[in-house]
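Sharing a structure, written as structure tokens. Questions coming.
Order of writing sets the chain letters: A, B and C. Residues in each chain are counted from 1.
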Amino acid sequence: MLKKFIDNSRAKSPWIMHFDCGSCNGCDIEVLACLTPMYDVERFGVVNVGNPKHADVLLVTGTVNPRNAKVLRNIYDQMPDPKGVIAIGACGLSGGIFRECYNVLGGIDKVIPVDIYVPGCPAKPEAIIDGVVAALAKFEGLKG
Amino acid sequence: MLPMMLALVILLPLMAALGCYFLRVSTIRTMIVLGTGVCIAATSLALFGQGSFTYSPGTILGISWDSLVTLADFALLFVILYYAFKLKNQLIKVFAVLQIIPLAVFELFFVDHAAEVPAFYADSLSLIMVAIISIIGSLICFFAIPYMKTHEEHLHLVKSRQPRFFFYLVLFLGAMNGLVLSNNILWLYFFFEVTTFCSFMLIAHDDTEIAVKNATRALWMNSLGGVAFVFGMIWAYSVTGSLSIQAILEAGPMDGAMLVPLGLLCLAGFTKAAQIPFQSWLLGAMVAPTPVSALLHSSTMVKAGVYIVLRLAPAYAGTFLSEGIALCGAFTFLACAAIAVSQSNGKKILAYSTISNLGLIICCAGINTTWAITAAIILIIFHAASKALLFLCVGTIEHGIGSRDIEDMRGLYLKMPRTAIITIVGILTMVLPPFGVLLGKWMAIESASGDLFVIVMLSLGSAISLVFWARWAGMLLTGPLREKVPAESQNILTRFTLTVLAAATVVVSLFSPVIYTGLIEPMVGKTYEITGGVFSSPIGVFAVYPIFIILAAAFIYAWIDTKKSGNIQNGASYMCGANVKEPGVQSFIGPMNVPVEIKASNYYLEAFFGEEKLTMWVNFVGLALIVLMLGGAL
Amino acid sequence: METLILMILGIVVAPVLGGLVSGIDRRVTARLQSRFGPPILQPFYDVAKLFGKVKVINNFWQVFCAWVYLIAAALSVGLLFAQSDLLLIFFVQAIGAVFLVMGGLASPSPFSQIGAQRELIQVLTYEPLIILVFASIFMVTGSFRIDEILNYDQPLLAKLPLMFIVLGYALTIKLRKSPFDFSTSHHAHQEIVKGVLTDYSGPYLGIIEIAHWYETIFILGICALFWHTSLVGVVVLLATTYFAEILIDNTMARMTWRWMLKYVWSVGLAMSFVNLIWLHAG
């Protein structure tokens, strides 16, 4: 019973950590907008934490370059399992408009495995919330 | 049987000291120290079987012991005077003369030598002190054997100075035992002076400039105490007409005329216990080798000062003097704890905390209810054990890492796991329940609760001391602990003393209810009901056994879970994702891709508790309080 | 026997109550910010989730310290329910505080180190105040034992109004509410990440969360002593106090520890003096 409660709780308490890889800040603002009274993601138990060790879901915005790829990898590694990654915005998905830049490696999935892709430039808060909820399905899937 | 035992605890160390001095072979010295230690420790335990007693030794070779003591006393004072001239120190000269002349006049013209004065008197307080001195003292002497060897290797001495060192160290044990057993106030004074002298010689032992300077300071401050003692003694004699401390106490709470001499005697106790404003000598004394700090300057000699104040407590119960003593003690407790926060030198922290705890004990003596006296005795016992342990740990660490600064002890667990854990045990027994020191502190705070000023100072002081203890304990563990730490090699004697002391601090705390019913209650009177290891009175409860059991279970459980965690996924510590990935390196990648080593340091709160900032004010207030205390007595 | 049952009752019930209080706290906070907020049971989901995560540690002493912190906190609440000695309970609670700090210091992460140092300063700030509150309760009722205190026939609040405010300061610090939440805070993105808790994760963070619930109940229990004569009084007093805490939390900015030490000590000591002298005079 306890195990079941724990399994159920996973989907009810996704703590997110937001990492800005090299975004133009457009997507970041939208991520933070999710926490405001307008969208209030805390309704779903979402808490924005500042520390990968406490996080369940990593929200990454922006493009990856050689410098921040290491940091991204490190932060991902420091998150204890089970965990999910959501790439946000066109940049996070593929490099977006910066795709051709000399220093851009491309999307997040070049460095770490991504579970959910939230498109948009910038991604709308509704879409981000949708993405988080979709990521929860991954935790739901862990039930067993 | 009794004379035999007394000879063993007082005279045997004297013999052994001479042996250490003249038989200059290290194995023989080791044997002597070990043998003496075991002997006096065993005797001190056997003395408990005697219960309280009074005893006069009679004569030896037709000369009375009294005159022998007097003779030795003058000899000692002249030796001190000799050192005063050698050091060219005016203060010591003045104080020595101020002791010699009144004492001579007193001995020649005042004292009725025919009067029968029992030389020795022992009750539970004395016996407990003897046990502390003999057992903990011996352990410290054992520890000193390997310690001094390494110490001299570090100093590259050609000619060993160990015979001299052990002479004073072992001699001190005898003198201290004599001090706490004396009933004749002249004897008490003699032993008081011997401890002062031993302390002086041992502080100066390393013979560096700073050592001699600090030893001189210790000598003049303690001589000032000696002067106060002499005048107090003479004055007391002129009022009561007796040299026997018991006779003075039996007269019951005194008023008027008797308060000044009592105040003076307490002042002597204050200097010996390094109470503010006399704390500077004890801080300076930290230059001495660590066993000296452990033995003289934390667990035993400074307790002699406390002992005198506590011994006289019934005589000034309920007077203004008593209130003054409580305030002085509480103030020292608070002020020294505060200054300790700003220190990073391990020995200095211990020194300040020692003074602070002595202040607490003196405060208890000043509060002077049965509760408070019980608290004082409990504190004496447990503080001696824990503090001796901590000093020895710092000594071991210093030899291990070459520093006594607590900042350098960060992550000590990785290098010296055994010593680190024992240090932590020592620290926890100083601040946490259900250990003895906290039991004492609990009693002290509860008995002080009626007194507004005292309780404010005690509550602030106890919070402040938690700060420097907790962070010290925590720092020792700092570090990325991935695998098992390699075991640490220690000299067998070092390991033995540390382990025994650490075990003793914990186990004796467990037996605190037994100690209370067996020793303290018969002496000071009943204050607590003990059922199932729970101290209870209408005012408070302290559940020793239950808390001990639950916490022991908690620790064992936590340890098992910790052990199980050994193979789980290790995470590097959080450094904003910029960790340098090599194992064992604590750095992050900084600007220009250069690794930057992380560095952390304690908050020393200099702005609030800085030593330079506080010392002057603290001394000023301390002096004012003492003047108030003595002035009120007048 | 009765004490034992009470004690076990306390240890079992307190985390449930503490979790609920924390859930209500989050809900009310959300309402004050015109949000809906999470379900009341959210803290339980959080902790359950934490227990379901993989164990990652940095230094195995953290595991040890987390457990000791929890057990000491539980024991102090147990003793509170068993109506033991106030000071003793407080000292037992201090075991937890010390081990939390030690666990923080065990991690080499600079955030954790600074957090632990700040936590110590928080302890330094509230501890004397709480001891003074206990001493003042002793001066009124003549005992430190809770069973004796409960026999006192008037609400303590009438005699010790200022001491209750002093206790309020300690409560704010202990609950990690703004403006005193600098060793670690309930909200994200503190300047030192998550302070003393930075390197605790998964189940160990869960353990600490439960210990925090115990501490909440511990300190609310002490508040309850100020109006022990009537049940309604207790409920009203606790509800008002806690609401005031939430209000303060939401309206204040985080300050520095220097400010806290100066401000809380001076105000706390001054209030204590005034109240106690008034007590003596009255």
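Going forward, contacts are C-beta pairs under 8 Å (C-beta built on N, C-alpha and C of every residue); 3 or more make two chains touch, one makes a residue touch a chain.
For clarity, every value in this text was computed on a predicted model and none was experimentally measured.
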Contact graph of the chains (line, ring, star, complete, other): complete
Chain pair with the most C-beta contacts: B-C
Longest centre-to-centre distance from chain B, chain (CA-based): A
Intercentroid distance (Cα basis), chain C paired with chain A, Å: 34
Distance from chain C to chain B - Cα centre to Cα centre, in angstrom: 35
Centre-to-centre distance between chain B and chain A (centres being mean Cα positions), rounded to whole Å: 59
Residues of chain C engaged with two or more neighbouring chains: 54-56, 193, 198-199, 201
Overlap residues in chain B, where contacts from two or more other chains coincide: 569, 571-572, 574
Two or more partner chains touched - positions in chain A: 51, 53, 78, 80
Residues of chain A defined as touching chain C within the complex: 5-10, 12-13, 15, 37, 40, 42-45, 47-51, 53-54, 56, 78, 80-82
Residue numbers on chain C that touch chain B, as the complex places them: 54-61, 63-64, 67-68, 71-72, 75, 79, 84-85, 87-88, 91-92, 94-95, 97-98, 101-114, 116-118, 120-121, 123-124, 127-128, 131-132, 134-135, 138-139, 142-145, 148, 193, 198-199, 201, 258, 261, 269, 272-273, 276-277, 280
Chain C to chain A touching residues, read off their complex: 26, 30, 33-39, 42, 44-46, 48-49, 51-56, 188-190, 193-194, 197-202, 205
Complex contacts: residues of chain B adjacent to chain C: 411, 413, 428, 431-433, 438, 442, 445-446, 449-450, 452, 455-456, 458-460, 462-464, 466-467, 469-471, 473-475, 477-481, 538-543, 547, 550-551, 554-555, 557-559, 561-562, 565-566, 568-575, 586, 598-600, 602-603, 605, 607-608
Touching residues on chain A, where the partner in the complex is chain B: 19, 51-53, 70-72, 74-75, 77-78, 80
